[in-house]
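Below is one structure, written out as structure tokens; the observations come after it.
Chain lettering (A, B, C, D and E) follows the sequence in which the chains are written, and residue indices restart at 1 in each chain.
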Amino acid sequence: MISWLLPGLVVFLLLNLAAGLVRVARGPTPADRMSSALLFGSTTVAVLLILAEWMSEPAMRNVALLFVMLAAVISLAFFGMPRDIGAGDDEP
Amino acid sequence: MNLAVDSLIGLGLVALAWQAISGRSLFRGIVMFVVFGLTMALAWARMGAPDLALAEAAIGAGVTGALMLVALRRLVQLHPDQPAEPKRARSRLALPIALLAASLVAVIGLGAVSVDREPGRAGVAVMDNLAETGLSNPITGVLLVFRNLDTLLEVAVLLAAFLAALAVFRDQEQAPAPPRGDLPLVGALLAIIVPLTILVSVHLLLAGSHEPGGAFQAGAVLAAGGVLLILAGRLQPASGMPLATALPLVLGLLVFSVIGLAMMLTGAPLLALPGLWAVYLIEAAMMISIALTLVLLFAGASGLRRERP
Amino acid sequence: MTEAALAGLVFLPLLGACLLLLVPRQWRTALVLLVVVPLPVLLLPITAVVWQQQAVQMAVAGHALPLGIVWRVDALSLLLLWLNAFLLVFVGLQALTRFPPATPAGLRFWPLWLLLAAGIHALLLSADLFNLYVTLELVTLAGIGLIATSNRPAALQAAMRYLLLALMASLLYLLGVGLIYAEIGTLDLYEAGNLLEPGLLPATAMVLMITGLLVKAAIFPLHAWLPAAHGNAPGPVSALLSAIVVKVSIYIVWRLWFWTAEGWPMPALELFLGLLGAGAILYGSALALVQKRLKMVIAYSTVAQLGYLMLIFPLASLLAWQAAGFHLVSHGLAKAALFVAAGNILASLGTDRLRRLAGLDQRLPLDVFTLALASVSLMGLPPSGGFIGKWLFLQAAWEQGAWGWMALIALGGLLAAAYLFRILALTCFHPRSHGHSSRLREPPSRASLAGLLLALAAIGLGFASAPILTMLASAWPGVIAP
Amino acid sequence: MSSAVLFVIVAALLFGIGVYGLIIAGHLLRKLFAINIMGNAIFILMVAASGPLDGKPDALPQALVLTGIVIAVSATAFALALMVRLYQLTGQASLHNNEGGDD
Amino acid sequence: MSMGDTSLVEWIATSLLVLGALFYLAGTVGLLRFPDVHCRLHALTKADNLGLLLVCAGLGLLACDWQVAALLGTIWLLGLLAATVSAHLIARHACRDHSATSSRTGSA
């Protein structure tokens, strides 16, 4: 078991998050921004699970469970938004 | 390797914070702020504070994000034609003041961190006296046994915030627009997630005595279940404050105060809890109060009524 | 016995607020009276003990320091507790008519009013730095909620600005608390006094905490939020905000300065805080002279009179301490009387624009008389309480040969006389121009009576000054080792 | 360069961003973001500045921060309700500063 | 722990975790490169869920404790549910203002 595997994975996934940020910044439509928020949700869950193993802190799995359970709340709130919520000034 | 992870999380926090306050579209700001909350949970995890990561996740993902999105929707619905974003305040002083504040905090923080002093005397005292409380999670010990006046007054702060918001909720009780025609998927989502939030919140409540968890995190998770029901249109805001809503709203404060005062009759000091059963009873009552207060704050109303689809 | 009284002070209004939401409509007024009236009675046993032993101390939940939270009442906190009890009863009298508990508006108002009372009591009892943060937040949120009960845009705008500034101020205070804990590992106010030595970190923490508290106390130049907030809030709310809510922040600054940072050599900072007070007196009075609305004049008068409470820093002597404590109480009563009278005038006339107040003394004699009486105390004319306060300040400055401060104190009194006479002249000596329709709803007699009783108390304070001053002397840190 | 020092620097940067945002933000919603960011910065500082106690950070500041998080949520929820009501009445979600405020 | 004596289980777990990370990478690349919302959602939900499955499987093997493995399994299933519902809602929201976006995305 290579010792730097888990932290390496965490760094890799966090870089993924940073890349996803580009889409949130650039995404023309609100839906794009919301989809990248979805990406953040699942990536954070993965990072938390790896942290739980790496730092041997079982509570992190509960945090991951919370995140994955509540991920749908934001999307449902977004669904109720009016159509042109962020359309006014969407130029990148 | 630790440093690489921490610096990435720190970089993410700073970038997200900057994006949340600058940038043009308010909606983008909210998304950035929600993601900032997610990353804060990671930061707490890395700093070895699982209780705070749990609280940040429960309150951040469950309540705050949806609260801000619904607030933005109310803003756009009230004046659809108006640009949501008034122009930025022109202030040349902003940057120097901000840099000054940042450097002041940096100097203080580094000063506090660099000299390695022995840990706080109160923290050591908590660890020494924790055994007699029957709890093994020191944070729950501090919150509910050693400094329980803080917790009681803080539930009062939450009630005060709700009553203050109640004073402001006038005729904006129009329901958050339920999706037209009940979507099959949302029904399935509710059927699975809502009972799960109840299960997880009870688990967090009971686990609070020996591992990270407690009344606040449990209350916030329960509130997230209520938020889901409102978003899906199953619960509608209602005016008026029936007893069925008012009692659970103040239950936490009532139970905590009554037990705290009753103990004085038996000669014990104020708020000295008789035993572990009292701690669990108070935590359960507080969980219900916190959950209902957060849900009502989200619904923007003083009551809720069921809505058969 | 005193422990039960201390607990009652905090938990009676707290439980009252909870039960108010539960009991049926017709019992609410009885419940409010049941909670507010016994509060002064609870203070009697505590006063008796503090009279003999100078301070009452109680460990909440029985945990000794540094673990638990400690309640400590000495003469200063007792004085503020008495002021608060007085205000709750008398201003409450007007609030009962303005927001009858049985109505929906009353249901929004009274729970917040009782939570505010519980927060103030918890704050005055607490000797724990973080507990002070929680109580400060409770007081601030309840206060802003009360401002927001008025439906007018100006009030909501003022409430929003007050909320943002108060939240930022609380964060500064919390940062200071975090630093002090990192430095000495305990959060008790008095124990920190023994453990904390002057150094870079403790001094920065103290400056941060005091800055945050000065924003909440609306001391010049951080006062921008107060005039709009107190000027536009409903009558009884402005009275309570100006008379006690702003004062509790100053109370914590005094605690920090004279107990936690006791004996720290900070002459430059003392002078600076004194100059802030001077600025408040001059700026507040100047703006009060030019205001067009009665409640705005009174709000700016608060900004001015708060400046006096800052003079304790440069003139740090026993006499100045007694003067500041006495001024705090006498200003509280006089300012509450002014705002209650102004509230009655606004309620019956529909406006409080000074131009429309001509010849008011025939139409609302009781309220104008209250205005006059309260002005007498605020200006510091003998034999009122205000006079004793200013007189002691002058003596303290005389003792230390501080001519500048003496001139300032006298000038403050003159300026106060100027803007208060302007109001009295408008209401009494100008004949009522017949152009105005006399659309006048007589305010309920209880509301006018409330204002009158407060004004009489402000005047009567002058006669009852001896016991108060001796008790205040016992709280001066120089006399007792904390 | 231990992780505590890193998080203190992050806290300082966040505090600066919060102050900057509070001053220049036009919309009230952004001012709320700024205040929450400042709050989180202070919470990070409180936990990072407390010495480690047998491996884990000191429990007391964590309890204080937990209390702070709940107070921050309740204040934010009230501020949002006030902002929406203000917008409904004045059609303006920003503080144009008129000190006097006439009725 | 030199590579020589890592047991077979850890070897499998390592490969699963690396594969999972690659799928996350695929999801992110999809999010950035694909032309419009629907393709991005498609890429996102498929790749990320598979990534999460592999990561959970790898961690389950590493933790070698049934309770933890069961929790990881429920987390993955919930992840599936969250992804499907969220993608569905976001897509429906995007469809509703399809008219507004189609002209723009066509030209982008």
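To be clear about the criterion, a residue touches a chain if its C-beta (ideal position, glycine included) is under 8 Å from a C-beta of that chain, and two chains touch if they have at least 3 such contacts.
Every value quoted in this text rests on a predicted model; they were computed, and no experiment measured them.
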Practice task
Could you tell me which chains are in contact with chain A and with chain C alike?
Solution key: B
Completion exercise
Chain-touch separation of chain C and chain E, in steps, is 2
Problem - Steps in the shortest chain-to-chain touch route ending at chain E and beginning at chain B - result: 1
Exercise for the section: Specify the chain most distant from chain C by Cα centroid. Expected result: E
Fill in the blank from the handout: Comparing C-D with A-E, the one with more C-beta contacts is A-E
Exercise for the section: Indicate the whole-number Å distance between the mean C-alpha point of chain A and the mean C-alpha point of chain D. Expected result: 22
Problem - Euclidean distance of C-alpha centroids - chain B vs chain D, Å - result: 13
Practice task
Quick one: report the Å distance separating chain B from chain C, using the average Cα coordinate of each chain.
Solution key: 31
Practice task
Any chance you could list the residues of chain B touching two or more other chains?
Solution key: 2, 26, 46, 48, 51, 72, 84-85, 105, 108, 112, 118-120, 122-124, 126, 147, 150, 154, 157, 160-161, 164-165, 168, 170, 186, 189, 193, 196
Problem - chain D: positions in contact with at least two other chains - result: 45, 49-50, 60-61, 64, 67, 71, 74-75, 78, 82-83, 85
Completion exercise
Touching at least 2 other chains, the residues of chain C are 130, 134, 137, 141, 144-145, 148, 156, 175, 179, 181-182
Handout entry: Pairs of chains found to touch, sorted by chain label
Key = A-B, A-E, B-C, B-D, B-E, C-D
Fill in the blank from the handout: As the complex stands, chain B meets chain D at residues 2-3, 6-7, 10, 13-14, 17-18, 20-22, 26, 29-30, 33, 36, 40, 43-44, 46-49, 51-52, 55-56, 59, 63-64, 67-68, 71-72, 74-75, 78-79, 82, 84-89, 91, 93-95, 97-99, 101-103, 105-106, 108-110, 112-114, 116-120, 122-124, 126-127, 138-139, 141-143, 147, 150-151, 154, 157-158, 160-162, 164-165, 168-170, 172, 214, 216, 290, 293-294, 297-298, 300
Problem - Complex contact set, residues of chain C against chain D - result: 130, 134, 137, 141, 144-145, 148, 152-154, 156-161, 163-164, 167-168, 171, 174-175, 177-179, 181-182, 224, 227-228, 231-232, 291-293, 296, 351
Fill in the blank from the handout: Within their complex, chain B touches chain C through residues 104-105, 107-108, 111-112, 118-126, 129, 145-150, 153-154, 156-157, 159-161, 163-168, 170, 241, 243, 246-247, 249-250, 253-254, 257, 260-261, 264, 268-273
Problem - Interface residues, chain B side, partner chain A - complex - result: 1-2, 4-5, 8-9, 11-12, 15-16, 19, 23-28, 31-32, 34-35, 38-39, 41-42, 45-46, 48, 50-51, 53-54, 57-58, 61-62, 65-66, 69-70, 72-73, 76-77, 80, 83-85, 176-179, 186, 189, 193, 196-197, 200, 204, 207, 211-213, 221, 224, 227-228, 231-232
Exercise for the section: Can you check the complex and tell me which residues of chain D touch chain B? Expected result: 1-21, 23-27, 29-30, 32-34, 36-37, 40-41, 43-45, 47-67, 69-71, 73-78, 80-85, 87-88, 91-94
